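As structure tokens, here come the structures.
Consider the two complexes below, in which chain A is the common component and chain B and chain C are the respective partners.
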Partner chain A sequence: MFRIVRLEAKRSIALPLLLVLAALTRAFLWMDIQEWAASWASLVQSARAIAWVSLPVVLAAGIWHGGREGRNEVSELFAATPRPRPVRLLPAFVAIVGAVVIAEAGVVAWAATLIARHATYSGGQWPLGLAVGLLAAIAVTLLGLGIGRAVATPVAAPLAAVALFLVLAVSADERPANRLVDVVLPMLPKTDDFHRVLPSLSVSQCVWFTALGATGVLLTVAGTRRARWLALTPAVAGIALAALLAPSGAIVRDPQATALVCARENNRICVTKVHTHALPTLVAPAQKVLDAFAEVPGGPERVEEKPESWKLDAAAPASHGGKRGTVRTEFPQLTQSGSIRWKPDVLLAALAQDTMFDEACYSEEKDFTRATDASDAVAALLLRTPTDELSPGAREAYDTLRPLPAKERYSRIGEGRKAGLTCGDPLAVIMGRGAGR
Partner chain B sequence: MTRGSRGLMLYARSRSIPATLLVFLAAACLAWTGYLTDDPATAHRIGLIAVVLGVAAVPRTLAGPDEELERATALPWRLVRTLHLTLLAGLLLSLLAADHLITARQSHTVPFDNLAQAVPALTASTALSAACFGARTAWMPSVGWGLLMIAVGPRISLGGQALTWMVQEPPTVTSATTAALLTVVGVAAYARRGSRL
Partner chain C sequence: MPTTVSPSETAPTRYAHHIQAQALTVRRGRRTAVDGIDLNLGTGVHGVLGPNGAGKTTLIRTLATVLTPHSGDLELLGSALRSRGELRALRRQLGYLPQTFGHYPRFTLREFVAYMAWLKEVPRHRMADAVQHAIDRVDLTDRAEDRMGSLSGGMLRRAGIAQAIVNDPAILLLDEPTVGLDPAQRMEFRTLLRDIGEQSCVLVSTHLVEDVGAACAGVVLMDEGRTVFAGPLDHLRAAGSDTDQGDSAIERGYTALLRRHPANQPEAGR
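Our next item is the complex of A and B:
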């Protein structure tokens, strides 16, 4: 048996498939490494998202492998072998499925070793998420084998690959929010570090992909047209059962991931548990901001990461100064994914902005620019950030604040901050023109 | 039926031209559905996938059931092969461009100059693969490359522009040169050698 499998692996498409699939998966995972480099949830999302590129390759390879007897016109000759058809085809199954499993699992294992060094929260569900992705690849391979044996024309493989690519690419672009779509598609619904996929979705996807794989196996071993039609039964039953099991809203908020963890040396600086790896880098700029605003009346006393996501949570209403003592910051890369690369000066600029105004207040670009100008001027004055790149508006505010006596200057910054957090016009306040917008 | 038209009919049947035309029609229908979506990015992607779908059926036509037997016949094969490729690419291009005329939209999902570059170059790259690896496996490099270009999207670097020539919009000098080279080399290699036996 082992000898036949080795022969199959050497003489079939298995080895090229292994290399192509591993290279493709590795390349596409590498392209968005910043998305998942420190978060298990993001790795599962990224690994599953690659399905729209990898599964058409897998399907085409399966069809090509399954159709080789038909293409070479040796079906009748091999049918005369005195062994049951499933036993005769077993080495073909093992070779092609083995290639897919080794390629996909190998690349994901490489990614997992990278993550293990940085990730601080796993949620415990990532193995299930990755296993479902692998199961989807196996199911599509088996389905390909079945289609290949049923339709032996050489154009079946390229046409099926293009068709599957079309379906998956369009679904990736415009995905309807539907429980059936969530089950059928191998790509996960949109999620991020602050949310988790319900295990019931993974279980229902396991049911669907197992049924699809069973259909593939039955199609492969089917000898008659009737048997081929009957082979579709598991897929139909599987999709019905999976749709019943699937939850209607598969993505839910993960309270454990969003729980705040504060720095040991300074419990006024906190981030979400899932981003604890970011804390050491955040402490220095956050402390700098707190120290710089210490003299400002009503200045901030804490820095916290905002545990809400702009992708999935409903937009939070403007705070109207509800918690002026806390700077609630959101780092686009940090919050939405597990990025581990960012610069302290970028963090400092983001923190300075979040200290001075609430972004949710300023949907108009003109108002946002005015608030940013005020923030930049204050940052240049208190944090001693470079003044070379200040915009004309920010430069004017900076020049207005700078000659003022210290008490008047801090008071005006405090008033400007209050206006920025209560949806007023912080630039007007800093320039001494009142807070109206 | 005259002898010439009978020969033409037999040639078309031996190369599965009728089935290929059906796939071309399917590609044209797919490109047309691109106009039904509101999202321009999706419409554009569908337009490009339609090109790859059409070209995916071409390799089957690049060799007959018995190439060795065919080549023994006294026909100007180089001319036949060149005409074969030109007609197929021209037909696919016409069908895809016809969508634009029928829907009479101001903007095409895939701009016409990109389409006029993608269809001949991808067809010729299939022909080049057939000359190098045989008609049976000729779809693998061309369809694989086409789908990969769509998945990756346009790249800015010089090498990237050459590798993603099909999705550069508007076509750059590098992408247009790559497409032209592929077209010329593909057609020349296939016309000269035919499908690898």
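Our next item is the complex of A and C:
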């Protein structure tokens, strides 16, 4: 058997499939690296999101191989041999499913080695999430093999691939919030580092994809039209059972991931547990901001990572403005050399901005620009950031603040900050024109 | 190196004929393609002759266990094929070359014959030798590592014969095996058939009367699904006269027997 598996691996579509799938998966994961390179939950999300590209390829390969006997007119020859059909098909199944598993698991293993160096919180559920993704790929492969045997026409593979691609691509863009959709689609509902997928969704997806794979196997060995109809039974039963098991809201906040962890040397600077690896990088710029604003009345005393997500949590400026003593910041994610880094100057600029105003207050571009001008002017003054790139509005604010006596200057910055955190007009305050918008 | 011999290989033969059929009827859709045929074929090379649509291919496919008879009795190697186990055991001893020889073009000749040997459950320890021997016998030794897709029509036919004989079959069924072979290859092929026929029952369906004359000891002549004649080649030769059409005694016998068959008689004579 092993010799025939080796022969099938060499001569069937298995080897080209392995190469194409590995290249495609790696390319798409690489393009998305800033989304997942520091967290296991994000890796699961990104790895599963690639399904809209990888599964059509896998389905096409399965169908193409499934139709091999029909295309090459060997059915008559093989029908006169003693080896039972399921045994005859097994080596090619092993080779092709093996190619899918090696390609997908290999790329995920590569991604995992990148993450392992940075990730500080796993939540323990990422292996299940990745396993379900792999199971989906296997199920679609088996389904393809079954369809290929049932519909032995050369156009079946490209047609099915295009159809699946369209369904998955449209679903990825406009996904209705529905438990059946959550179960059926291989891509996970939108999530991030601060949220987790309920294990019950993974379990129900396991049921669905196992049933789908079983239908593929039954379609492959079915010899009659009736048997082919009966082969659909596991898929229908699987989807019904999975829909019953699935939770209505599969994405929930993860309190362990969002718990704050503070720096050992300075417990006024804290980040979420899931981003603990960024803490050493944050300490220096955060301390610089705290020192710079020390003279400002009502100035910040703490810097914390905002444990809220722009993807899933509605922005709440009022709650932000209520704690002026704390700078709540979000990490801008930038990648370097395949792993995630936060550049100190970028962090400093972001912290300065978060110190001066609440981004959630300014949805209009004009208002946001005014708030940014105010922030840039204060940063140039207190943090000694370069002034040559200041916009005209920021330059005017800078020139207004600089000649003021120190006490008045700090007071006006404090008032401007208060306006920025309570959805006022910080630029107007700094310019001495009041706080209204 | 000692060779392992299975008990079945040394067991005494318990059947009189390799192929025994009584009133064998096979239907294809609404049409009766084989209509109540009787056959008793043993060791040796037997030709199946007949015009297009006579039912030759249907008969061969039925004997190859690809088609199921509609009625009648069929025993192959003494087995009535009543269970899956019997069918599987019989198929291990069958060699079959269909009229349309399908193959995997990406496989090399050696790989394809080995794959067929695996499908025929040739024991693993004998497989490499069996594959090499089959390839040697069809004179494709120097093309063994070539892809099937690169072989010419004649070579493919020989490759088809190689896969058919890789398991040393007790019954070898060949449907139009000489199509695409050049004259020299056909002569070699006849020699091969005679060689295999010394120990096996070989049934060759063909249009080519001269192939039958050169290689077969017995003939089954079919028309419209029925047996027109079954017997030794000499009797076929003797059936014709100088007034019958044909360039050889066999061809004259062939046309004479077909003409006399009730299916070909004028309506009034029936």
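By definition in this document, the second predicted complex is superposed on the first by the 426 of 437 C-alpha atoms of A that agree within 3 Å, B and C clash if a C-alpha of one lies under 4 Å from a C-alpha of the other, contacts with A are read in each partner's own complex, and residues count from 1 in each chain.
Everything that follows uses one rule, which is that a residue touches a chain if its C-beta (ideal position, glycine included) is under 8 Å from a C-beta of that chain, and two chains touch if they have at least 3 such contacts.
Since we're looking at a predicted model, the values are computed, not measured.
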Ask   = Putting chain B and chain C on the same copy of chain A, do they fit or clash?
value = fit
Inquiry  = Let me test your reading of the model: by the given contact rule, A:110 touches which partner, first (chain B), second (chain C), both or neither?
reply    = neither
Query = Considering only C-alpha centres, what angle arises at chain A between the directions to chain B and chain C, nearest 10 degrees?
reply = 50
Message = Between chain B and chain C, whom does A:83 touch in the aligned arrangement: first, second, both, or neither?
response = second
Request  = Please indicate which partner A:75 is in contact with in the superposed arrangement: first for chain B, second for chain C, both, or neither.
outcome  = second
Message = So in the superposed three-chain picture, is A:11 touching just chain B, just chain C, both, or none of them (first/second/both/neither)?
response = second
Inquiry  = Is A:368 touching anything from chain B or chain C once the two structures are fitted on A? First, second, both or neither.
reply    = neither
Query = In the superposed model, how near does chain B get to chain C, counting Cα atoms only, in Å?
reply = 9
Task = Jot down the residues of chain A that show up as touching in both complexes, chain B in one and chain C in the other.
result = none
Request  = State the interface residues of chain A toward chain B in the complex, per the touch definition above.
outcome  = 28, 52-53, 56-57, 71, 153-155, 157-159, 161-163, 165-166, 169-170, 173-174
Key: Of chain B, residues touching chain A in the complex   = 16, 19, 23, 30, 37, 39, 41-42, 45-46, 49, 52-53, 56-57, 59-60, 136, 139-140, 143-144, 147-148, 150-151
Query = Okay, in this complex, where on chain C does chain A touch?
reply = 61, 64-66, 87-92, 94, 96, 98, 100-107, 111, 114-116, 118-121, 163
Query = In their shared complex, at which residues does chain A touch chain C?
reply = 3-4, 7, 11-12, 68-69, 72-84, 88
